[in-house]
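My questions will all concern the structure given below.
The chains carry the letters A, B, C and D, assigned in the order they are written, with residues numbered from 1 in each.
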Amino acid sequence: MQAVMTAEEMNDWLSEVFPQIKGQFVVHNLDGVNTVMRMVISDQHLRPGGTVSGPTMFTLADVAAYVATMAVIGREALTVTTNCSMDFMRKPESGKDLIAEARLLKVGKTLSVTNVLIFSEGGSEPVARANMTYAIPPKKA
Amino acid sequence: MQAVMTAEEMNDWLSEVFPQIKGQFVVHNLDGVNTVMRMVISDQHLRPGGTVSGPTMFTLADVAAYVATMAVIGREALTVTTNCSMDFMRKPESGKDLIAEARLLKVGKTLSVTNVLIFSEGGSEPVARANMTYAIPPKKA
Amino acid sequence: MQAVMTAEEMNDWLSEVFPQIKGQFVVHNLDGVNTVMRMVISDQHLRPGGTVSGPTMFTLADVAAYVATMAVIGREALTVTTNCSMDFMRKPESGKDLIAEARLLKVGKTLSVTNVLIFSEGGSEPVARANMTYAIPPKKA
Amino acid sequence: MQAVMTAEEMNDWLSEVFPQIKGQFVVHNLDGVNTVMRMVISDQHLRPGGTVSGPTMFTLADVAAYVATMAVIGREALTVTTNCSMDFMRKPESGKDLIAEARLLKVGKTLSVTNVLIFSEGGSEPVARANMTYAIPPKKA
């Protein structure tokens, strides 16, 4: 699997299709298989006790799998998540951004499957894991 | 399994522990097994194409499982999600709130398991399904 | 969703396509949404400690979702599982058969989604829950 | 995380606690994080069309996660699977054994989480992915 977009092009694309999350996500690296990206954490992402909320980590996993898939199939804004599963394994460190490492396992005609590990920045052990399936719209004739 | 809180008490509790989501979630019914609740959908929950975003549906499933668990074990704000899995099956109708029907399948000493179906209000077929596991903190001596 | 096969026809079909499991599975009821079936448990399904093994419960969930899907789309032996998630919640009672209650949540052109609860026969609380996605082969022209 | 058993000791242990699967599973390598093992495929593992069955791949994922966990916590036969999720992504090649690569993501006091990729022997793309959670029994005083 080969990337058809650079990290810079991907960041531009994210800002365009998801203007409401502008500045929250930054793609650092991508190739046809692996993607590394950051989610900038602020107060809106926290839960009682100061930890990052589950929905925030879901959002990062979802965006990381979207980026990993787009990197190979190109700009397809209407691609949609059809399945996911997550384990929340450790409490993220408060005051740290989250880093996602995504690995694209399959891109078929109709769907992609991606594994994602999420870390607190600088941490060596994952705070969460996810797998996401995206449905890919059929090519227009 | 028997409920130790009413729907009204639960709504008060949600407003207290999650002030940032005040007004977005309303519990309609709960007993020791089944919970029905609403998520009020607004523009912030939408994705390109006008559909409700995956993270929004995740948030509803997460809150519904939290409510189903709290209804039986009582107020435990630090209870945390440890695992979830979701299928996004149909496009939610735009302009409609989401309704979650949660069924508590297990409450043990250390965790609870809940099935959730999500509908567009008035719809007969679920737009998403989820299962959520919550970790329950040990009782203080 | 409407059933195109009876429970009796389904049992005949299972014996034909899965001769190696003949006698292990019995469909009791099916309609276009709900399916109830039994798995006859014997020594080969047990783990150390006398409990029914995880792979055995997976097999039952897989067959129950297959039956629920076939009941609506008709005989399609090449339909394959593409995704599943399971929670193993309680220890099945030794010496009891397992009963699966499957609920078909979606049948689309390319896939079906089914929720399954598994009980020890006579038990009121589920020992396991599963959700299964089956890929449906395209109709021949 | 550090291994307390060698691959050879693990193979001996598997034969002892699961005599019914003797000869079907061989651990090739293990350390405190990564485990590589083989499942010897024979006719009993096949489905109509000649492909390896879903329950067979579930069994391999389950055993691989068990081995990855045991490698760190030591011999605990009563450890049980509590949650799993799998994607079946490609048709395994008929006539080939399956190879599992497991990566232990967490070992806590009460549970472990493991990612597993499954390949047909010699293949470069995974046929399935899984994540498995095992419950670890409390230490005896």
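The definition used in the following text is that contacts are C-beta pairs under 8 Å (C-beta built on N, C-alpha and C of every residue); 3 or more make two chains touch, one makes a residue touch a chain.
In this text the structure is predicted, and so the values were computed from the model without any measurement.
Counted as hops between touching chains, the shortest connection from chain A to chain C is 1. Relative to chain D, the most remote chain by averaged C-alpha coordinates is B.
Computed centre separation for the pair chain C/chain D is 23 angstrom, with centres defined by C-alpha atoms.
Chain C has its Cα centroid 27 Å from the Cα centroid of chain B.
Among all residues of chain B, those that touch two or more other chains are 83, 85, 87, 89, 133. On the side of chain D, the complex with chain B involves touching residues 83, 85, 110, 133. Residue ranges on chain D touching chain A, taken from their complex, read 83, 85, 87, 89-90, 105-106, 108, 113, 115, 117, 125-126, 129, 131, 133. Listed in rising order, the residues of chain C touching chain D in the complex are 17-18, 20, 44, 47-49, 51, 54-55, 58-59, 62, 77-78, 80-89.
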